[in-house]
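Multiple structures follow.
You will see two complexes here that share chain A, one where it goes with chain B and one where it goes with chain C.
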Partner chain A sequence: MKFLRQLLDGISIPILAILLGLAVSSIFVVIAGASPIEAYQRLFCEGFGAQGCATFGDLLFTQIETETGAQTVFSPTYGAGGHSLALMLEQATPLILTALSAAVAFQAGMFSIGMDGQFVLGAITATFLGYALPDQVYALAGVVDYDSAPASLLTAMHLIIPTVCIGAAMLVGAIYSWIPGYLKVKLNVNELISTIIFNAIAIQIVGYLVNFPLRSDMNNIARTRRIDDSAWLIPFNRGIFQDIEWFSGARLGIGLILALIAAALVWFYLWRTTAGYEQRMTRGSGLFARFGGIPSGRAALRAMLISGALSGLAGAIAILGVERRVVDGFALSGTGFDGVLVAILAKESVVGILIIAPFFAGLNLGAINLQFGNLPRQLGGIIISFIILFRAMEDFLRLQFTNLWSKRRLILRARAEQDGAAT
Partner chain B sequence: MIALLNRYQGALRVVALVVGVALIIGVLSLPMNLLQSSIRLATPYVLGAMAALVASRAGVLNLAIEGKMLLGAFIAVAMLYKTGLDPLIGVLAASIAGGALGVVFALLYLRIRINLVILALAVNLFIANATVFFLRASFGAFGTLADPSIRGLPQIDIPILRDIPYLGALLNGYNAVVYISWIMVVIVWVVLFRTQFGRHLRAVGENRDAAESVGINVTRVQVVALTFSGMLAGLAGAFLSLGVLSQFVENMTDGRGWIAITVSLFAFEAPIPAFFTALFFGLSEAMSFYLQSRPELNLPPDLLLAFPQIATIIALVFVALRIRAGELLRRQTFAIRFTQEMQKLTRGQIAGD
Partner chain C sequence: MPPALEMRHIRKFFPSSGVLANDDVSIEVQPGEVHAIVGENGAGKTTLMSILYGLQTPDEGEIVVNGAPAQIAHPNDAIRLGIGMVHQHFKLVPSFTIAENIMLGIEPNRAGFIDNQREADAVRQLADDFGLPVDPALRVRDIPVGMQQRVEILKILQRRAQILILDEPTAVLTPQEVSELLAVTRKLAQTGHTILLITHKLIEVKSIADRVTIMRRGRNVGTFNAADLSVREMANLMVGRTVTLRIEKTPAVPGEVILKVDDLLVAGAGGIPAVFGAHFDLRAGEILGIAGVSGNGQTELIEALVGMRAIDSGKVMFLGHDVTHDTVRQRRETGLAHIPEDRMTMGLNLRTNLDENVVVTSYQDEPFSRRGIFDFSSVRTLAQKIIDAFQVRSARVGEPIKTLSGGNLQKVVLGRELKGDPKLIIANQPTRGLDVGSIEFVHQTLVAERDKGAAVLLVSVELDEILALSDRIAVMFEGRIFAILDAKDATEEKLGLLMVGSALDAPDHAAEKTHP
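== the complex of A and B ==
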């Protein structure tokens, strides 16, 4: 019972925030001249529904025509023609990792939002190694390319190359996040401002790399070479779940499993290790932690390193599992910043991130596909900003509710007394 | 280190002066069109830095300048689109819109007590999305709003200034917002340091509780400061959209709001130094455009665009070093005086015995 009440307490405000955010954003839908209910149906169906979803009810149960007649099926498992949920999970994978990255940094009192920069640098590192390393291996083994390599070599490469790519991307991300961390700890440079500027620098660097040294062909939009097949984290729809139609439309793959493992490790690190305790103490009060014998600077720097590594991992997975090459403009995708928003919405809790990140990804996905009347996809961003605002109003909302509740109780009591006096 | 700096203070001052003069001569010997474009490009930084320092002098770190600038840029263009109004009306509307957003920001922060950083992130996100949303919903434009009916700000020709040989070319012929930004620097300085309201504002920023205890209405001061700050940021946005290309482009502020905050930090939140710092940032931006326009140098454009950002990081580090040095100096002075006092005390005790 106590657990239930806690759970209710924990999720009531986020759900209220989401509902209020949707309600306020509907004003914008009306201004744009569309019906909010239809727009939201479209939004949620594109983000979370099965093929052919048209109303809110279809999100749960859907009518399908079979040879034996109409039949009602449970939508989330009905995957004919690919399911939006698979696509949503594909988009949520890097988001979970960048949100974890933000949460680790926030939990050390570092308001770093440098996830974007670390993400794109990790991605470009993974891309470069993803085609350059196999080339070297093939040259050493004396074969031309993937198809002519012996099977034993390929097995080894399929294991080693992605690991090396991911490791290098994590290293690059960690280094790039260490710089603002060091500036904050040693010189007290505001980390919010410095990470924003570091993001801009990283985006320019990646833009330069894609346009000049790593550009592969004279394609209209500059792009790098595609990573070798041996570096590719083969998605489920090409690999083990080839026959399940649910996965067919999405490049969802091992990345999601890695993200879940990372989430478990982050939870363990934050709540079950000394280092995690140290960084949480540092966040609470740096001075108090120092007097308690905790090297607060080192704890904060460690958090920044872990945060950067997680963002780099997100970038590596986005490349090795999904994109397979960096195209000019990839750097502007904003996955890192979305991760920050997810972490804020989830109040830096790991479980919360695992719930909010898919929701967020579905909302973005639905908004992109929102070709409804005159509605631009920026509606998604508007909804999210309002949800964040209402989420941040938590204390205010709670106070209002308590006031309402006590007022109601007072009125009831007064009425009861009146009734008592009358009889 | 500090002791060394102290000992050679005179020599250091001379060196700093020589370097400064050399820098100024070097800058002034740059091509005239480069200098003019850097003064022009410095305008959003000047106004943004004023916005940032007014707010932070009142004790509120205004991180939503980026959003307020973008709103100003959008409103300015939206006012003029297909109405053919005078561009100055667009500038005025942008400034009012920025001020209105400042009021909303202040109320959300002061009344409902939303975390300042989260509030700023949400406001920036909202403006970035809402401008593009309305671009499409109200004007049917995708990402860019340009139309012949949107007239840019005209250049102003000042009669006497025009005839002065070097300064005339350097200071004459910009549009109205550039001159307004210079006037604003003076106004901000006068308001902050020469009026009662400015004293109250600085007191609130220094120590909120103390200010409250002597009867200053802290909330009112902060609301007014944030409104003023929003108006300045809106002006900066109007310059971006009407002063350069007379069109609105999706996310056209492009991080300038954040750089403006750095400018104000670098200048230790003082208006006049902030003005010159902003000029330096304008120069570095103009430099990156200038070098881009010369293909014979064969420099990669993306790395040149990172020029102002790298300058910003270096500026941040310098600010931090300066603060740290000041702290060390104070600590050292305190330690010396403390030992002296202690010695006096012990001597007195011995004499007393």
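== the complex of A and C ==
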């Protein structure tokens, strides 16, 4: 009962914020000359619907033609021709990780928004090792490439190469996050500003690497080599679930499982370990932490290391599971910053992130597809921005809620409690 | 003649914290009276005054000034109606002169340029009219606190205030300054001003107020003639039960030296030395009180002793160990307990729950955690033990603590700090802002710890508290331990003089230990 009340309390404001965000954004849809209902149907169908979804109702139940005639099916599991939900989860995977990354930093009182920089550096590290390491292994083993290597070697490589790539990407992300953390703790350099600058530096570095040393061919858009097949985190639709149509078209795979494991570990770290306690107390009240003898600087630096490793992991998974190479402009994808927004929307809660990141990814996905209609994809950005704005107005919304429904009851309750305490 | 001020059926509810700060409060103040409003912290007196001064809007109720209904939505409205407020924390510009502060925003000008001469003349005239002498040319940063308060009062008189709200006006003053302020208040009332005095010092109420309104838990308990109530009766009405004001205490039986402080030099904010050569011993089973006007290095001394502030030179010996450069944790492990000045931001983390607050000093130890992973059932047991042993009303294991009253918060701090029988208890203003009932509890607890053999260092700016609890009294002035007296020899007057730096006829041996 108490859990239910907490849950209701936790989700009522985000849901209200989403509805208000959609309502206000509809003004822009009208300005763009479209019907908001139609636009939103399209947005949600493309983000969350099955094939053929056209109305809000289709999000839940779809009419399909079968040999025996028309039939109603439950949409989220109706996978013929691939499902948007699978695509949504593919897009949500790195977002979950960068949001966790932001949440860990925020929960230590470090307002680091360096996720973009750590993400792209992690990605380029995983890419480079993803083709360079197998090259070395093949040379040592005396074979030409993946196709000519013996099966036993390939089995070992499929386990070890991605692990090494991911580990290296996490290490690079962690170091790149530790530097602004150190500057903050030792020299009191504002971490918000330094991480913004570090993002710009990382994006330029990756741009340079992709255009020059790591450029693989004279393709119009500069790009690196593709990672070797042995480094590839094979998506479900090529591997274990290749017969399930629901997954087809989505490069969703082991990365999602890693992200969920990371989420569980982050939750455990924050709420069940003394190290997590140290960083949360440091954030909640610096004076209190100093008073209690908590090594605040160390706790903040540890948070920055974990945060950077998570963003690096996000970059590695984006490459090893989805992109398989870095193309010029990848660094501008904004996955890191979207993670910051998700973390804020979710109030830095791990469970909240697991709910909001997929929603966010679905909206983005729907918005991309809107541009194939007559609406600009920027609409997705507008909607998300308004939702965040309304989310930030939590206190105000709560107040209006209370005024609307139960101010009088709350007053009576407060009075009863004060009387109770008096006796 | 209509009442100078009436507030009728005021109600104010804060939805975010769920506090009903004022519940159908009505007061009526006659012109020319000194009307005290007393109550525990959280009783709603500050909220009521904020409403009167236009800082808060009431949910319900009306305000009538001189018989006419008034809408007060902003302090400017209040000023227009002749209501002025002297805040507990002064709102003066330190780098401006007294005249510039008083005339701020209403400067006499000539063609757009400030006319300094007329400004100074106007202030001199004002000061003469009210018999509150000030030198208009002095800068506010150079004058003592009592004088700053006088400037604040003049500032609102210049704006023709007839109703003056004084919010805890004596909290920051020395005893001499307090008696001056009380005389000024009397004089203003005689010249037809109406004074609303917010305070929790009942002795002052008794000596100055004509009538007193007592508030408890957001309600008006009653308005009385101050002469008709004794201090004890006022205290009982404030708390809602009978309280004892005297502390029963046997003579101290000092044991071995627990803390030895030698020639301590500690830098304050901005690197300027805040403690110069402090020097004293503290023995088991005694309470050493440190008296002094706030801001004379007490905070820095305490922070240095508990390990929160670096010690530049000198030595601190604790139970025979040199702990001068030890961390907070090392000192706590040696047997230090610290009851900090500010329980809201330092002593507790109001953003989290009870459990995480009680474990901050021991979260690394078994059984509360093993190999870095919490055992929350042990933590909950600890929290429940503290609730039971210290009767923390309305606190519950695992629940947030931000809604607890000041007294209950302080009980949480005491419970956490005093578990495990500390050898040394450093208490900085342990009863600041607490109501009478909680003060009684804190005092009894400290004396009980002393009797169990702990050494207690008590810093307070309240002389009553120092005199009531201490076995020996050190006076701190401008970063020095100016004198150490036996409590038997100390009187309020003697301490008051020492606190402002005037040596007694027979200077104490510990006084004036200077540092290069």
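The rule we apply is simple: the second predicted complex is superposed on the first by the 402 of 423 C-alpha atoms of A that agree within 3 Å, B and C clash if a C-alpha of one lies under 4 Å from a C-alpha of the other, contacts with A are read in each partner's own complex, and residues count from 1 in each chain.
Here is the rule we use: a residue touches a chain if its C-beta (ideal position, glycine included) is under 8 Å from a C-beta of that chain, and two chains touch if they have at least 3 such contacts.
Source: prediction; values computed, not measured.
J.: One more residue to check, A:290. First (chain B), second (chain C), both or neither?
T.: second
J.: Which partner chains sit in contact with A:415 here, chain B, chain C, both or neither? Use first/second/both/neither.
T.: A:415 sits against chain C, while chain B stays out of touch.
J.: Please work out whether A:340 is in contact with chain B alone, chain C alone, both, or neither, and reply first, second, both or neither.
T.: The answer is first: A:340 touches chain B but not chain C.
J.: Report for A:275: first if it touches chain B alone, second if chain C alone, otherwise both or neither.
T.: A:275 contacts chain C only, not chain B.
J.: Who does A:182 touch here: chain B (first), chain C (second), both, or neither?
T.: neither
J.: Which partner chains sit in contact with A:146 here, chain B, chain C, both or neither? Use first/second/both/neither.
T.: neither
J.: Mind telling me which of the two, chain B or chain C, contacts the most residues of chain A?
T.: On the superposition, B touches more of the residues of chain A.
J.: I'd like to know which partner A:241 touches here: chain B for first, chain C for second, both or neither.
T.: The answer is neither, since A:241 touches no partner chain.
J.: Thinking of the overlay built on chain A, is A:392 touched by chain B (first), by chain C (second), by both, or by neither?
T.: A:392 sits against chain B, while chain C stays out of touch.
J.: Tell me the contact category for A:197 with respect to chain B and chain C: first, second, both or neither.
T.: In the superposition, A:197 touches chain B alone.
J.: Per the definitions at the top, what is the overlap between the chain A residues touching chain B and those touching chain C?
T.: On chain A, the overlap between the chain B and chain C contacts is residues 395.
J.: Across the complex, what residues on chain B touch chain A?
T.: 63, 108, 112-115, 117-119, 121-123, 125-126, 128-130, 132-133, 135-137, 255, 258-259, 261-262, 265, 300-303, 305-306, 309-310, 312-313, 316-317, 319-321, 323-324
J.: Contact residues on chain A for chain C in the complex?
T.: Interface residues on chain A, with respect to chain C: 272-275, 277, 280-281, 284-285, 287-294, 395, 398-399, 402-403, 407, 410-411, 413-415, 417-419, 421-422.
J.: Residue numbers of chain A touching chain B in their complex, please.
T.: Touch list, chain A to chain B: 28, 31-33, 111, 113, 183, 187-190, 192-194, 196-198, 200-201, 204-205, 207-208, 211-212, 340-341, 344, 374-376, 378-382, 384-386, 388-389, 392-393, 395-396.
J.: Residue numbers of chain C touching chain A in their complex, please.
T.: Against chain A, the touching part of chain C is residues 11, 13, 15-16, 18-20, 23, 216-218, 240, 306-308, 327-329, 332, 338, 340, 342, 345-352, 356, 360-361, 363-364, 369, 372-374, 393-394, 405.
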